[in-house]
Structures are given as structure tokens and as C-alpha cells.
Amino acid sequence: MSIDSILFYLFAVIILGSAIMTITRRNVVHSAIWLIGALVGVAGLYLLQGAEFLAGVQIIVYVGGITVLFLFVIMLVPVREEALTHRFSNQKWIAVFCSVVVFVILLAFVVHGVGSLDFPAGDEPIELGSLTKNSEEVGYVLFSEYLLPFELASILLLVAIIGAVVMSKTRNSETEG
Amino acid sequence: MSEHILSIIWLTPLIGMFVVMCLPKENKSLIRYVANGFAILGVIVTLPLIRGFDTAVADFQFVERIDWIPTIGAQYYLGVDGFGYIMILLTVIIGWLSIWCGWESIQEKVKEYYAFFLFLQAGMLGVFMVLDVFLFYVFWEIMLVPMYFIIGIWGGPRRLYAAIKFFLYTLTGSVLMLLSLLTVYFKHIEQFGNASFALEDMMRVAAYAAPDLQFWLFWGFFIALAVKVPMFPFHTWLPDAHTEAPTAGSVILAGILLKMGLYGLVRFAMPLFPQGASDGVTVNLVAFLSIVGIIYGALVSLMQKDWKKLVAYSSVSHLGFCTLGLIALNPNGIAGGILQGVNHGLSTSLLFLAVGVVYDRRHTRAIADYGGLANRMPVYTVLFAISMFASAGMPGLNGFIGEFTILRGALEVNTWWAVFAALGIILGAAYLLWLFQRVMLGPITNPKNEDMKDMNLREILIMAPLIAGCFWIGLYPKPCFEILEAPTAKLVERLDPGYFSRNGLENPLDKYEQSKTAALVRE
Amino acid sequence: MEVATSHYLILSTLLLFIGTVGVLTRRNIIVILMSIELILNAVNINLIAFSSALQQIHGQVFSIFVITDAAAEAAVGLGILIALFRNKETIRVDEIDLLRW
Amino acid sequence: MDAILFSAADFHVLKPAILLCLFGCGILITDAFLIRNRAERWKNAIPALAAQVAVAASLVQHLGDVRSGGAFSGLNGSMQVDGFAVFFNWIFVIAASLAIVISARYMDAEGEHRGEFYGLILFAQAGMSVMASGYDLVVLFIGLETMALSFYVMVGFLRDTRRSNEAALKYLILGAFSSGLLVYGFSILYGISGSTNLSEIAKATAARPESDLALFLALITCSVGLLFKISAAPFHMWAPDVYEGAPTPVTAYVSVASKAASFALMLRIFLTAFESSAEAWTPLLGAIAIVTMTIGNFAAVTQTNMKRMLAYSSVAHAGYILLGLVAGNETGLRGVAVYILAYVFMNYGAFTLVAALRREGEAAEDIDDFNGLYHRAPGYTILLAIFMLSLAGIPPLAGFYGKYFIFLAILREGYYVVAILAAIYVAVSAFYYFRVIRACWLLKEGEQPAHLDMNFGTRAALATCAFLTLLIGIYPQPFIDFAGEAVLPALR
Amino acid sequence: MFFLDSIWLIPMFPLLGAAVMLLFGRRLEPQQVQGPPEDDHSHHDGRHGQPAGRTLINILCPGMVLVSFVFALGAVFQLQDVEGHSYEVVKWTWLAGLDSATGMGLSAFTADWGFLLDSLSSVMILVVTGIGFLIHVYSIGYMAHDGGYYRFFGFLNLFLFFMLLLVLANNYVLLFVGWEGVGFCSWGLIGFYFRKQSAQNAATKAFLVNRIGDAAFVLGMLLTFTTLGTLTFTEIGPALNEGGFQIEESWGSWGPLSLLTLFFFIGACGKSAQIPLHVWLPDAMEGPTPVSALIHAATMVTAGVYLVARSSDIYVLAPKTMLIVAAVGGMTALLAAFIGLVQYDIKKVLAYSTISQLGYMFLACGVGAFWVGIFHLYTHAFFKALLFLGSGSVIHAVGGEQDMRKMGALKDKIPITYKTMLIGAVAISGVPGLAGFFSKDEILWKTFSAHRVDLYVLGLFTAMMTAFYMFRLIFMTFHGDNRVDPRTHVHESPRSMTVPLMILAAGSILAGYVGTPVVFGPVHNMLPSLEHWLSSALVVEDSGEHHAAALEWGLIFLSVVLALFAIWFAMKKFKTDKYEGEPMHGIIGKQCHQLFLRKYFVDEIYDIFIVKIAAKRSGLRLALFDRQVIDGAVNGVGLLTRITSLFSIFGDKWVVDGLVNIIGYGVKFVSYPIRMFQTGIVQNYVLLFVIGLGVVAGYYLFE
């Protein structure tokens, strides 16, 4: 029972637990909080896998950005009373049942399938604490092989910005009618 | 000029359509004149064809062949032999007359009416001259559209229903036909490598296609054609379409459109799949359906209260004869079937024109609304009687020739076919005479009919050529048989190789070869 | 003992499952969007696991893009949500059934 | 991997995308600063069209290069320019320009005429062009998302109409979910091959043993994601709602361009990454294609809303196109290309007329609104009839040839039952297309008849669509050749 | 050989007349169309006004017939010099049909517009043109008061054209043209008073019943062609020899010859009104009387006999058919005679007598004495025409009354008519010395000598009854008390009517002397022999072993005695001063009387079984069937259709809209549930999405 396996299971429990909480909380704010928990857990896994840079990104972008955005919107839209009472849709049971079945099948694939993947019999994963190395590699690959997607991502974000702006702008706030 | 005569023939009405579309819609009389002008022009441009057509040549004439879609091997490939020739003549004549007969009865949307009609005319002419299966399918589908509109816009009260019914029936049939012709097409590619839709190339496939495959492919074609014919279980669109269509529409429908089924059989379905056509199941089944159609159509029309419906069902009966003849697969049967198709075109068109005459006056098709017309319209009575007897197969008129030839072909195969078909002759007289009695004879029962005008000159002139045709075919059908003999012999040899030699007959084709060579020698 | 890659994958699949259930069952659109975030995170877990197993960096880079996409989607989604809320005063997904049949 | 910066070659490869992005940003700026009032908004269309022209020019270059030197790739093989890419880029150019042309009047009528709209059109197109020529999972994914996001926004662009919001939200939720699954599949592919480059992946998957579960896992998730994008049943549910709710030009754009792009993506992935397991997915896709045709055709029959009817019909068309992939032989793939090409024009034509019926203050989208349209606008009604007939696959119109190749392809593979079903459905589809023709020609007009509101752009768009529908129908040779040479070498 | 080469002209003259009449006749006719039916013969003063145009008609139409009569005579005279007494003129090939396989192997089907004049047709054309001419002349007077004059003469001429075509044709197909043509003309002439419902029905009935025969005729022709490979009369005989056909004796199997002869005979039955197709002839009396005389007594109805005689050399090879022909003929003769006993309508009596006489002719043919059949045909033409015209004159005299119970004591008022009719009656009754005697006795004798004693007795009995009902007619009409409606002014007919009567009377006295029995020895040898003349065209077998002349004398004596007895009996019963009650009751009993009066209920039976059930019912059924089941089946909701169609309200909705239902109900039936999935709630979509995912995954997992 090595240390990182313990850590893995710990993070796994955190992730799954808070994920479940996220989708089951009555109050949306609580859900958002639990979401943060899940995301942090994922970040932990990144660290565990030696992807420190990514872990950082995860914390900054997700926790610092997206979740805040969520909370912000939650504040914008008043929560109605019955939204609290009926949190689950009418199809919840059938839905749960179906997704259980489906994902049991998928799990079967995962369990039997991925075992058959042959990874280069690796020396032990990149040791912790070499932040620079990891970020360097990421940066290098990002700007060499994935330069194009990187540029495109900017367009993607631009579109997102436009979208957000267009959508949330009210008509009277426009310059002219 | 004359090497492009076929293109000219089918393009003339098309050009006419565009011209008509360009005319101002207010000026109805101008439109009428232009449209009829093009219709007559359509007849005129066929004269070189009539002059140049040589019945002594067994294979296709006036062939035009241009690559159209090389990638898939589709060509603009025209040509006529006896079958196509006789159908083209029928089409230009009846097309012209039906355009003419809308002169007064069509009052609204005149421009569109004539545009659609010329369009339809072009499409039908195309069908009768294409030798490229792909192009054939194209023309085949094209005609549906104008016909849909003609029924749907100018038809009777239930026109919407009739139009869509007509369209869907025929479309369903023809997509199945598409499937089976595609199958042949790629079988051809597999066999010979090159992609081609040309009829003769497609016909080469039959030698390599398994009989059962041919069987199914034949039926793929046959259902489409049977819907158009229409054969017994597929006929239910016909009464509605006929009844609801305007007079000219019914004339075109009965006169030409139904013939496409027959033509498609002899030109495409049978030659492409000889074993499929001569398969025992096919023959017996088709013969059975035809006979059922003959008797059935007659009995049903016996009971109709609607004049046009009666004539429509009589078409079912007559075309039962035609298909019976075709499926007999021997010269008399096939030639008789086609000839009877032509006859039906003439006589049924006459009957529909006759209905149109009184319909224009009284705007009702119910037989009960008439009666004693003979008192007021003697000329009309005479013309109608002639049409009636032509349709009832009175010897000396065309109907008899066709039925007799068909029965001869049928008897050659199976006595019982002939016996049952002969019942059709009896019943045919029955419903027509009864109709005549109810409509023409007796005192005038309905005061509205008191001041019926007799036929005017235009109406008489429209019917005259057809009646002349009836008499001509009835008294001197030899030319028709001469036209049909060569292609028939070709077809029979393909369907039933050695038919002639087996029966100790000299194959007419040899005769033609000799005559052709002789002709060459002379020049 | 070594934590096999399959463990990560199973974990991610479970996360995917939870996300799906969230999308399927919650009435609150915001929560549905959150669940979608969960799904994308599941993908990321996969990528990271693979990249470490393969001794490669590409997976990590890929997951960066996935995160970007997640951010963009969330932004647009919330924007649309606001627009909708402005018209319809609701964020309940089953009250949005104007377009049907 | 020494080339950190773009090389000239990379620029050449990227030219369409780059141009589009530049013009897109340009429009945003000019709209913000130059366009004074609403009346001038239509001017935004000018740079947008200019962008199309530029892209078209670069595509001509690309095609020339491909013809001379075969396919070439850039950016370390993450982009590949081949006939396939060029062909689909052409489709996008046509679709986008038509969308731009018909938008101005429509968005005016909707009172939502804004510069961003044109920007989004261009960005979406950029995404699509990347999808068409991308050769790397990441690139494809980002391209896909760019397109998708732009469409979410465009669909919801009418912020004050609830239908529009609703459509956008549904589209977003479903789209995000599906792309989540898709990218999950991508991750598995990455895991299998250790690379994101399609050629690498193709090598790796080809090396996998028969019926490898991991590969299947990737296959499942990817195909589900892609089937959603092409709106194949049972993942088609978004299509009707989105088509109905979206502003009509966007509907047209989505129904044509996004479908085409998704098909491009699907073909790319299935014929590279999953080519080795073809016999595994062929029957499945076949079944899905049949279900799709069935649902699409039958559901369309009873629709009353024109856009919704067209939506279902487009679902059915997706089924037909899918059959081409199922057949998998060259005829089938050619058929896919031809079908899409024809589909662009006839579908755009139909939607353009629907859009033309939208006038300030009145939304006329029901089939009943077309009643007696013939009396008011005979010419346009004839065009509409042409489009409908072409959609129904009546020769000699463009729509027929797509079906022709598809039928031929599946017959070749010996799927007779499928062929007969597909053929029967043609008749069924004729029924609902003819409902429109019937409404226009045969029915009396209602109390307050809807009127067509045309401007130059709309007329131009209609003319183009009708002309090409007819041209492809009567002289299809060059188009068939183009489709063939574009698609075949790239895929086999 | 001018006349022989121009035999094809013989039919053409009447055709010309007909064409002129039917095309331009209306111009010659003062009144538009004929007046209402009831004024057929009533209210006429003695004078016959002749409108201007009519004079032309009167000259043209009979003139044409006269010309062709002359040509016929000339041709026949020239024919005598031709050896083989047969001359053929082929104008042009008509049906150059395509080759087809036949029993004789090769055969290129041809039917020409060819005309054959041989001894058989020579008799026919003389009868047709001669009697035709007389009747034309007669009609001038008879039809004087009717409108549609031109129509009448046009049709009459047209009829002669077709009839001559029929008898002059050199092949079956052309014969069939005439065959149908005369049917058509009879249709037109029966329905001449086309406003009378009864006339219309009679016309239609006549045509349809004939049509049945025609269908059989067509089949007969086809069988002939497929068996013998030709339809030309002159080639039939050679083909038979060449084919080496044997006499088809055995009753077990029906050879082609028996079959085709049977078909021909059915055709003949239709035309010649033999049982069971006799029903149309009595009704045909709706037509003007000259028509009845010409078409329904003298010429057209005998076409059947002509056909059988024409095909005699096939018939002799089919004894089975021969027997059937004889039997049917005999039965018809007897049964028709029975009906004739009790009719009151003077024309009906004659009509049934005609049927009965036709039966005689077939009887003769049936026993192989074809020439005798023709002989009787020829004599019968004279006296039956005479009788009809006479009755017409009577009707004319008493103002359109046809019921004999309203006549009587006319013999002094219309003497000429009386005398001529009396001659006719005597002739038909077979009193020695007149035409009927010779032919009828020849028939009886041939029957006897062919060892068909049963048929002989039958014929003998019929002969007796013939005499009886004929004199019943005479006595009821001309003797006894005057039962004529006193208001009518009875008057003798004009010249144009009486002269033909007299000529015909002379004919019916003399016509018989061309067929005197052999036993007359010197007389027989002195006179021309029709038998010898016809032997060139017909099979004339010398009846095997010669019976003793005594026997023949005895039979002749017997029949004469019976005839005389019948006449005496009729006189006793009907030559009463006061006609009351129904004398027939005393003789044959009430029930039989009813039975005969109602013609054995045959019409009723046909009406029920054929017209009502077969035609109309099934027609209706099928019409319904068409609407319901065919389309219904198309709907795929056949059962539902049949149920709903019970309620006619929904009937239309479900039934009539045939195919639209496959779409409208079939497809919509599928369409709605599919749309049901589209709930508009996005989560349901996602759920379906997930399920789809599951299906796909499951497929791969379990594949």
C-alpha cells in the first residue's frame, strides 16, 4: 500500500463524494461549493500524476474562474421556493436506472479494455517537485506541436466572450435602438 | 435536320412551354393561340419522321447519341423503332387534340394550364424515344409533376386527393424501378467493366444474371409499369385521377400516359429480363391479373353512376387485354397488345372528349342527369355511338382488330385465357350500351337538357381525326402491323429464342435483313 | 502496490456517470451545467492518466484545451441562461418546453 | 520539432482559417466603431462576403496545389489539405455566403441586426474549415467546439424571443454533453495510440487485435458524439427544436454547414482511426441510418410548422447520407459528397423562402401560411416547387443524384432490404414535400395571407440556389467529377 | 365476266345509299327527329303526304337495292358457266396479322377484304337483295307517317350492306364483320322508336344476347385458325385433308373440331335465336314491321344457318356437334311452336313461328342435310316475309293495334292482304304444292332417313302445330266477329305495300319447285334441283341406303294429313261467330297455357340470374370491393376498413380516401408516436441520448 495509492483512493473518495453532493444538494450554492471540492480533488490527482502545471491551471481556471462565474450567476437569478422543493425531475428514477445500466456496460469495457492497453513499461512516474520541468515541457509542446489549437483556442474564447456579452446584454443597454 | 429530328420533336413543346410562360397572363386568347400553334407545330415536325421511318429496318432509327454524364455512363441516347414510332405518332396527335379541346373549358390559370400541358407533352415524347435507361427514368419521373398539377389545379371537387394519390402510386412504383435498373447497371459494370446505361449494353447483362435475380428485377420494373398501366390491383388511382382531371387531362391520361406502362414493358422490362418475363410464375400471375382486370373492370363500370368513372374503369378492362397480349410472349400477343394500346388511346380519348362536350354544357358527370340527348344532339349521338362501338370492339372499327389479335396470341398459349378474355367482349358491350341507352335514348327527362346545343364545329373537328383513325385501323390495319412486325419479332426472339424456327416460321428479321441488303444493292 | 491506469479510468467513468445522472435528473439548469463540468473533468482524468502511463506530455496539453473548452461552454451557457431568465423568469429545465413535437 | 513559429507553408495551409478569423475580428471592430445606426448594419455583410471571396481564392490555390502535387499537410501534420478538405471548405464558403446574404433583411425584421452576428458566422466557418482539414484530435476538437459555440450563440441570437433562447439552451446542453462524450472517446484514442495525430492513431488501431474492447469504447463514445452532430436518430432530438427556434438564416446555416462539417469530421475519423474495425461499425451505422430515415420521414409527415418539417426532413436526409458511409465503397462516398453538395442548394433555397416570409411583426412559418402563395408570388412559388421536388429526389434535379449514388452504393454491397426501405421512404417523403407544393398551388389563401418580403440579397440567394439545383440536375457531370476527385483519393 | 368481277360492288350500292342517308339525310327530312312514339300509326287519313325530300329517299334507297339485285342476278347467271360454281374476288389484304404457331405448324395469318360467290352465297344474295328490295318498297308506304324516315332507310340500307358482306365474305373474319354489322343495324332498327323504354330495352337485349354468341364465334374462329391454320373458306377443305383429321366420334374426348364447331353453333344460336339464346327475338318485334320482316324473319336470323352450312365440311367431321345442333334445333322448333300457340300479339305469333322454323333449319343441318336447311331458309324467306308484311298491313289497317283479340272479320275490308296472307299461311303449313310443303317434307324425310325417328316425330308434331297456330292467326284476324275499335277507320294499304305482298305470295307458291322430292320422279328431273346446285358448295351426302319410295310417300301423306287436320281443328275452334273466353284452355289446359304464355319463364329466370345477380350485384359488389378492400388493403387497415365501411358516414373518411389513408392513417399512425418522443423537455432528450448510447455500447458488448 504505497503512499500514492493511498492518496489516489483519498482523492477518488473526495472527488466522487463531492461530485455526488454537487448533484444532490437542494441549494444551488451548496452544489457550487461541492463542485469546488470535486475540482480540487481532481487537481490533487493531477499532482499525483506529476502534472503540476495542470493542477495549477485546474485550481486557477476552474476554482478561480468558472466556479466564481457560477456563483455570480446564481446570485443574479433569484432562487424560487419550489425550485428548492422539487430538485429532481420526474424522470429521475428511470433516468438513474438507465444510466446505471449504460455505465455498467461502459465500465465493463473500461475494465476489460484498458487492461489490454500496452503502455511502455514505465520507470516510475515523474517525481514530485520538478515543477519547472513539467511546465517547460508543457509549454514546449504547447507552442510547437499544438500551436495551432492554441491559437484556435483564442478564437474559441473570443467566441465565448462575444456570446456571453451578446446574450447577457439587455436591449436598452445598447447604444442605439 | 433529320438526324436530330427526334430532339426537335420533343423539344418543340418544351420551347412552347417557355414561350407561353413568357406571355402576359392577362391575354388569354393570345396564350391559347400560341399554345395551340405549338401543338400543331409539334405535329408538323413529326412529318419528316413519318417520311423517313423505314418499317423494313428492324433496329433503331434516327439514333442520336451524345455523352451526358460519362462518369455514370448516362447518355443522351434517342432512337425509335416500330414501338416508339407508333407511340410518338399517337402522342403528337392526341396531345395536339387535347390541348385544343381545352380551348373553352379552361378559363382560369390559362397560362399555367398550357405551360404544364406542353411540358407534359415534352416529357411523354421523351419517354417514347429514349434508349438510355437512366434518361428513360428521368423522363418517366418528369411527367408526373405536370400531371400532378393538371389534376390538382383544374380537376374536379376531389382533385387534391386524386392528384396526390396519382403521384404517390406512380412514384412508389418508379423508385422500385430505379432500384432494379441500378442493379442491372452495376451488374453490367461487374461483368463488362464499363459503366453504361445504354439499352443494348444493359440487355447484355441478362445473359449473366441468374433467373431468380432476373425474376425479382423484372418485378421491380413491372410494379412501376403496372401502376402506370394500370393493372388490376394497382389500378385504384385511375378512376379518381380520370374522374377529377379536366377533359383534356383525362384524354392525355387515357390516351398516352397509360400506354407508357405497355411501352415500358416491351421496350425495357421484357428485353432486359427475358427470363424474368418468361418465368412461369410471372406469366401465369400476370395473365391471371390481366384477366381479372378485364372482367373486373367491366363489371365495375357496369355499375358506375358517374360517366367518367365508367369510362375510366373500362380502361382498366381494356388494358387488361393489352397486358394479357403482352404476356402471351408471342408475336400476335405483343403486337396486338401494343396495337390495342393505340386503339384504346383513340377510342377512350373519344369517349372522354364526348363526356367533355356535355360536361362543358352542364357541368355534371352524373349519368342520371342526362337522358334523351339524342333528341337534341343528333350529331353528338352519332359520334358517341361510333366511339362506343369502336371501344366495344365492333369489327370494322379499331377495337376489334386489337382484341382479336390479342386473343389469337392468348389462345396460342392457353385456351382458357382466351375464353375468359372473351367474356370481356360481352361485358364491354353491356356497360357501353347501357350507358348509351341511359344517356342518349328516351325522352328528355331533365328540363336542364332541353336547350342543349349540339356540338359546335371545333368539337367535331377535334373528334374527327380520332374517328378517322378508328376506321382506318379497323378497315386497313396492315400498316400498323408492318410497323410493329420487326420490333415484335426481335422481342419474341429475345424472350423465346427459336420461337420462329421451332414453329417452322421464317423469322421476319431475316426477311428484313434481306430487304435491307436489297435496298442497299439498289442504291 | 502501483495504482494501475485502469483505476483512473474507472474513476473517470464513475465521474462521467455522476455527471450524466446530474444532467439527467436535476431541474436546475445551473446544476446541469455543473454536471457537464464534471463530465469534462472525467475526460481530463483520463488524459492525465494516459499521459503519465505513456510517459508523454501530450495528454496534459490536451486536457488544457479541454479545460479551455469547459470554461468557454460555461460562459456561453450561463449567458444564454441569463437571457432566458430575463424572458421567462425560470431556470427550471422542465419549464422550457415551448418547442416540442 | 524545431519549427516553433509558423512556416510559410503552414500559413498557406491555414490560409482559409486565418483569413476568416481576421475578417471576423475586423467586423467586430468596424461594427463597433464605424457602423453608426441600425440602418447601416447591413454594411457588415460586405467584409463578411469579402472574407468569403478571399477564402474562395485561397481554396482555388489549394485545389490547384492538390491537383498538381497531391495532398499536403502543415503544422507537423496536424492539418492536411487534400481534395476532401477543399471540397468541404467550398461547401462552407457557399453556405456561409448564402447565410450572410439572406441574414441582413431577416435580422432587421427581427430587430436583432448586429455586427457580431456576421463575426460569429465567420468564426463558425473558421471552426468548420479546421474540422474539414484538421488531422489531429486536438485540432479537430477545438474546431468542433469553435463551430458549436458560435452556433449556440447564433441560435440564441434573438435574445428577446423565448423560442430562440430555449433553442439555444437545449442545443447547448445537449451539445456540451455530446462533445463531452466525444472528447472522452478522443481521450481513449489517445490512450490507445499515445498520439493525437490521426495517421498515428490509424496505425495504432490497425495494430489492435480483433474486437478490442478499448477500441470499441473509443468507437462507441466517438460515434455517439458524432451521430449527435449529424442529427442521426436517436440523437436527433435537438434538431427540430433548434431549427424551429433559431433565426431562419441560422437554421439554414446549421442544417447545411454544421451537418456538412460534422459529416466531414465523421468521415475523417471513421475512415482513418476506425477504418480497421469497419466491419464492426458498418451494420450498426446501417441500422442507425434506417432508424434515422424512418423517424425523420414519418415524423415530418404530420408537421405543421415549415421549419420543423424541414428539420425532420433534414434528419431523414442525414440517414440517406449515412447510408453512403455504410456502403463504404467509392460510389457511396462519392454519393455522400454529391448529396451534401446538392443538399446545400435545395435546402438553402427552401429556407430562404421561409426566411423571406418573415416580416417585421409577423412570423409566418406554418405550412398554412404558404396557402395560395402562388397567387401572390408565382415566380417564387415555382422556385419553391423546384426545391421541394429536388428534396423529394425527383429527376432531373440536384437532389436526385445524391439518392442515385447512395442507392447504387448500397445495392452494390447487396443490402437489398435497406435499398427497398430507402426507396419506399422516398415516396413517403414526397408526401410531405408535396404538402408544401399543394399549399402553394392548389389551396385557397387564408384571411391574412403572408407576403414575401424580398431584398436584393434574398433574390440573389434564391436565384443561385435555383440555378444550381437545376444545373446540377441537368448537367451534373462537372459536379460529380469534382465531388469524386475531392473525396475519393483523400479517403482511400 | 363483268358481273362476277364486280361482285364486291353488290354490297357497296346499299352502303352508298346508307352513307348518303346517314350523312345528309337529315337535310332531306322536314321534321327534326321523329314524332313521339304513340303516333306510330294512329290518326292517318287515307292520303300519304310525301314531303319533297322523301321522294329522293324513296328513289335512292330501294333503287340502290334494286341495282345490287340486278348485279346479283347477273353474277349468278355468269356463275353457272364457271366450273365448280365458285368465284373469288380479293380486293385487299385486311388483317395481315403476324405469323403464329398453329396446329398446322406454319401459318401466316391473313384475312382479306375478299368476296366469294359460290352456289351457297348465290342463293343467299338473291334472297337478300330480292326480298330486301321488296321490303324497301313496302316500307315506303309503311313508314310514310314516321319521322326519322332517312334514319330508317339509312339503317335498312346499311343492314343490306352488312348482310351482303356476311354472305359474300370469303373468310370467317370478314363474315364476322357482316355478322356484327347486321347485329348493329338490328340494334339500331329495333330501337328505332328510341323514346319507348320497351324499344330501348329490346334493342339492348338483342345486342347483348347476340354478343354472347359473338364471343363464342370469335373463339370458334381462333380455334379454327389454330387448328387449321386458315380462315379462308376455300382453304378449309384442303387444310382438313392435309391435316388428315378423322371424324371425332368418341364422346369421351372433345377434339378441336368438335369444340370449334360447337363454338360456331353457339354463335349461330345467338344470331338465329335458338334455345337458350332465343329470348331477344320476340322482343325485337318492337321494331317497325318491315324490319321484323326483313331482319328478324327473312335474312339476318338465318345467318346462323348459313354459318353452319358454310362450315359444313368441318361439321361432318364432328358428329357430336351435329347431334347437338339437331337436338337444339328440334327442341327449339317444338317449344317455340308451343309458345306460338297462345300468343295474342299478331307479330309475336309470327316471331315464335320464325324461331320454330329456324329450329327446323338447324334440325336439317344437324342431320347432315345442309342443303335442305338452306332450301328451307330460302322458302321460309318468302312466306315468312309475306306473313310479316301482311301482318304489318293489318296493323297498318287497324291503326297500330297488334292484339288479335281486337281484330277479326277483316277479310272483306282488306281483301288483298287477306288473300296474300292466306297463301302464306297455307305455304307455311305445308299444304302440298306450296313452297313450305317441299322444304319441310324434305327436312322430315332427311331426319327420318338419318335414323333419328325421335327427332322426326318431334318435327312432325311441330309441323302440325305450325299449321294450327297459323290458322288460328288467320281466323282470329280475318274471320269471326269484328272486335276492332269502332273509332278506327279500317282501310286497305297503298300500292307500295300491296304489290310486294302479291309478289311474295307468288314467290311462296313457286319457290318450292327447285327442291321437289326425288320420288316425284319425272317432275323432279324436269325441274332445276337446288340440291344439285348446292352440291358444289356444301357436303351433300346421298342418304346411304335408299328407302322404298312407298315409305317416303307414306311419310309425305302422313304429314299432309296432320297439317290438314290441324287446319280443320283451328277452323273449328276459332272460326266462331263470337270470340269469347280462351279456346286454348279447352285444348291444352290453363296451366300449360300460362306456361306457354309466359314463355316457360325463361326471361324471368335470365333476369333474375344473369341481369340482376351476375351483372348488377357483382358489379356493385366489385365497385364496393374496389373502394373498400383494394384501397383498404393498401391502407394496411383492411379489417378496420371493412368494419368502418359498415357505417357509411365513416365510410368515406376511411374507405374512399384509399391511398391517402396509407399516408394519412398508416403513416400518421406511425408519425404521432414518433413525435411523442419530442416532448420539448431537454432532459428527456438526454435520456434518450443515453439510452442510445447504451444500445450502441450493448451492441458492441454482446456482438
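Read from first to last, the chains carry the letters A, B, C, D and E; within each, the first residue is number 1.
Here is the rule we use: a residue touches a chain if its C-beta (ideal position, glycine included) is under 8 Å from a C-beta of that chain, and two chains touch if they have at least 3 such contacts.
What you are looking at is a predicted structure, and each value in this text was computed from that prediction instead of being measured.
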Using C-alpha centroids, which chain lies at the maximum separation from subunit B?
-> A
At the largest C-alpha centroid distance from subunit C we find chain E
Between what two chains do the most C-beta pairs come into contact?
-> A-C
Averaging the CA atoms per chain, pick out the one whose centre lands closest to the mean of every protein CA shown.
-> B
Using mean CA coordinates as chain centres, what's the subunit A-subunit E distance in Å?
-> 102
Between subunit B and subunit D, centroid-to-centroid distance (C-alpha), Å = 44
How many angstrom between the C-alpha centroids of subunit C and subunit A?
-> 6
Cα centroid separation between subunit C and subunit E, in whole Å?
-> 96
Going by the touch rule set out above, which residues of subunit C reach two or more other chains?
-> 5, 16, 19-20, 23-25, 33, 49, 53-54, 58, 61, 65, 69, 72-73, 76, 80-81, 83, 86, 93-94, 96, 98-100
Residues of subunit E that touch two or more other chains: which are they?
-> 663, 675, 678, 680-684, 686-687, 690-691, 693, 697, 700-701
For subunit B, which residues are shared contacts with two or more other chains?
-> 164, 168
Full set of chain pairs in contact is A-C, A-D, A-E, B-D, B-E, C-D, C-E, D-E
Complex interface listing, subunit A residues touching subunit C | 1-2, 4-5, 8, 12, 15-16, 19-20, 22-23, 28, 31-32, 35, 38-39, 42, 45-46, 49-51, 53-54, 57-58, 61-62, 65-66, 69-70, 73-74, 76-77, 80, 83, 86-92, 95-96, 98-100, 102-103, 106-107, 110-111, 114-115, 117, 119-120, 122-123, 125-126, 134, 137-138, 141-142, 145-146, 149, 153, 156-157, 159-161, 163-168, 170
Could you please specify the touching residues of subunit E with respect to subunit C in the complex?
-> 675-676, 678-683, 686-687, 690
Subunit A partner contacts - residues on subunit C that touch it in the complex | 1-11, 13-22, 24-28, 30-31, 33-35, 37-38, 41, 44-45, 48-49, 51-55, 57-58, 60-61, 63-65, 67-76, 78-83, 85-86, 90-94
Flag every residue of subunit D that touches subunit C in the complex, lowest number first.
-> 137-138, 141-142, 145, 149, 152-153, 156, 159-163, 165-170, 172-173, 176-177, 179-181, 183-184, 186-188, 190-191, 194-196, 240-241, 244-245
Subunit A partner contacts - residues on subunit D that touch it in the complex | 1, 3-4, 6, 14, 17, 21, 24-25, 28, 37-38, 75-76, 78-79, 114, 116, 119-120, 123, 126-127, 130, 136, 138-139, 141-143, 145-146, 149-150, 152-153, 156-157, 159-160, 191-192, 212-217, 220
